[in-house]
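Two complexes are shown next, each including chain A; its partner changes from chain B in the first to chain C in the second.
This part shows the complex of A and B:
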């Protein structure tokens, strides 16, 4: 079976044939974009064969840049400039995910998680709960056994008005036995708060 | 006479030959062929036709009949789903992509590919089915003929969802399972919470008969049935804007809610949960109407209720079948029929909750296949608020049997989630812990205890075979090393001889 492919020799990129409809070839276009990214990264190495993906061999410059960007984000958080912090974390996230695909993967997840974590907190502080929820959802999926992630998700859900889901998230956070006493206190406080809100919504509160 | 014949068969050569050749000492018997039909049919003038019909029956119609029956058996799975439908949904589950959000509309997309619709009416393509189902949950009107078809299609869809639910549960996929139940409710109540945020917010109110988004006063923060019945911010008739508000509120008060009292793992006959034992989740709860406030305090319940309804009796009956308490409860009646769903019998059968047991660890997979709660006493709904708060409320029990034995010693966190198949706002989600302990068995030495039998007695031999302890045989003289070695050899020999006899036995059996 022939696939509807086209090749642009000037851009050196494969693309979906113009006559083919995008909606029918979603999986193919995903493959094409992955192929293009990989090809571009291979060309950028300026060598015939990229180095083997050893754990100690990765673009350290990139890690430095991510770290710097992350630090400036943290600094912005300290000075309560939350929108800037969110932007800086987004840039850091872009850098962390831009690592060439043939390199060792082990650095990517922790770096990415750190950046998303920072952005989630910045969004929470900035009361941008929808974006915070999206970040927290990724965090809770990638690190499902970390209580903090569930706490963040619960906070975002609570402010979005999804009280039952927020309650579930807080309860999940508690069952991963958070070690920090402040965190435990904070989660319990929020849990009580959410329970109260649920009771109010159900007309159960006593006045 | 038979003896005589037998004697001849052995002595007379001719008779013997007859017997060996034909199996009968009398020689060959005549072979007759005929049709087992009454004589007047065969001899009559229509005989050739009858023979043709006879042959047709046996050679054509019977095979066709058997074939169609066998095909029917073969093309449906145990869950009542068509094989093609099952394959289609399994393909999705096998290629499940966690990054892809599963929505109600997507599930309706899966449903519309079901072979069942094609079998019901040949012209029903997936696109048409999807359009009809979406029109149902969006509460839009179609042309009268399509409206009729829509009702038929809508009546089939929930049965498919129940089949899908079982499939998704074998993959332990809680997200797909929850969304399937949600879609089930959407089809029953004709609501699409994904259509816009307001529908999602007011879905509990919109499931009431007569309530519609156009008439609803959406400036009021009344999102739940409890709020509507107990503490409405404005008069319910103004909020709902319908004529027979009182009847509608009555319907709302009949929707059962669950208040949990106690939820724990239990092993029948044990006061704790030991490892590798058969256990079940024991949930005690109170069914209440949205019009009733809070829940009766456990301490306020009478002692009798606590003894009989919160605990299991330690009887032999209970040990034999721990689920008996649940089975003895009456089947849940259906007080109000959802106004938009056509098949009342289906609703009556599926009125109840689906219970999911979910692991908290690693993103929350299902710990076991979901169970259906259909047996619950709903008489609490009829109590007045005051009666409800006194100890007149009935405590219901539900037990979720675990199909796997309990794991090793440790603490395990679970969520117990109940989702109602018909109504919004009647769900339950509680966290609870499974503590697996290993307590040493207490052994009391009583005065009349029977001593361990001697090692060299018959009783001792039996006790050793059972793995019980025996009194060691003490040699009268001190055994030297040589003798020990001899003993060992003897034992080895006996071992070998055992094996020998075993093989002999086997070869005997083979012979």
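This part shows the complex of A and C:
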């Protein structure tokens, strides 16, 4: 069966045929958008085929821009301008994800994670727990052996009222043996707090 | 004595001789082998029938196996990247830009690599489950066939890459691998907004449920009063 595709030769873009319904071809339209992004990135390069994913071909200008934006976000955090910091980290993340897809993943991921990490902290401080949870979830998936990520997820979940899930996150944070004594203390404190809240919810609290 | 013996012997011999003579002359059907009338074609026909039966059986068996294989559902969803590549390649009006085609081929290769990674990840567990008897022969066969198909798909991609530019196949797969990983990361980051909507809806539903519960309890209390 032929796919409902249309091609615009001026824009060099593939799109879903107008007659096809979007809801029926959700997976296909995702594929099309990914193809268009890659094609655009390839059209912007000078060589006829993408260069090998070596560190020499890593776009350094973009890294500089991301770094600058990240730094300004950190500065905003220092002066307690949390909503602004979250916005700056979002811009930095946008720049980091705009990197061509055929460039080294190994060098892309630390950059991207740093931006998400900053945004997650800014959202936590800003008490925007839903966004903080979504960021923390990605962090916990991509860096599962870092206890801080599970701690962030736990904090967001606790404030969202998901106490059982928060308890699991704090426990997994302890599983990855955090080394910083402050962090251990914080996790244990939060874990006790969550346990207390769960007991209260179940009506088993003595106080 | 000796004479007598000899005479006896001689008579004896004589008598037997006469007896035997008489038997040979009688023409007994049990002793004389009957001439068989089987034609020379019989063994040939026998062998021919046997061979043709074997051939028919093998054809039938193969056809059945083939139809079973074609009816077997793939472990993965539809491979849109591959279909899109073929469709764009065959399109002549308007002609597709070569770089767009190359991008489509890279996406096809990256999809093949993604599937390969998924299969490799699960090989250990599928084998363990098969040994334990938790999954049947069918599922295990399906898994093995999928592995072979993905191998073929990778080879096909390499041939296609080579047709665009000789020597491209060498750096084609490392590039595809990066694309696979990068796209997976982008998909996760881009889905944040969608997930937020889903979670918010779930949250609203939960709150509504609790509100209804509380209302019911209050109504019960007021009815008791």
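By our rule, the second predicted complex is superposed on the first by the 204 of 207 C-alpha atoms of A that agree within 3 Å, B and C clash if a C-alpha of one lies under 4 Å from a C-alpha of the other, contacts with A are read in each partner's own complex, and residues count from 1 in each chain.
Convention: a contact is a pair of C-beta atoms (placed from the backbone, for glycine too) under 8 Å apart; a residue touches a chain by one contact, two chains touch by 3 or more.
Not measured: the values here are computed from a predicted model.
The superposition on chain A brings chain B into a clash with chain C.
Shared-chain residue A:108: touches chain C; no touch with chain B. Look at A:7: by the touch rule set out above, it reaches chain C but stays clear of chain B. The partner of chain A that touches more of its residues, comparing chain B with chain C, is C.
With both structures placed on the common chain, the touch criterion links A:141 to chain B and to chain C. Applying the stated touch rule to the two superposed structures, the overlap between the chain B and chain C interfaces on chain A comprises residues 141.
By the touch rule above, chain A contacts chain B in their complex via residues 140-141, 144-145, 161, 164, 167-168, 171-172, 174-176, 201-205.
Interface residues of chain A facing chain C in the complex, by the touch rule stated above, are 2-3, 5, 7, 9, 12, 14, 27-28, 30-32, 34-35, 38-39, 41-43, 48-53, 93, 97, 99, 101-105, 108-109, 112, 116, 130-131, 133-135, 138, 141-142, 160.
Interface residues of chain C facing chain A in the complex, by the touch rule stated above, are 77-78, 80-81, 83-84, 87-88, 91, 94-100, 102-104, 106-107, 164-165, 168, 171, 174-175, 177-179, 181-183, 185-190, 192, 195-196, 199-200, 203. Put simply, chain B touches chain A in their complex at residues 98, 201, 223-224, 226-232, 290, 293-294, 360-364, 413, 415, 427, 429, 431, 433.
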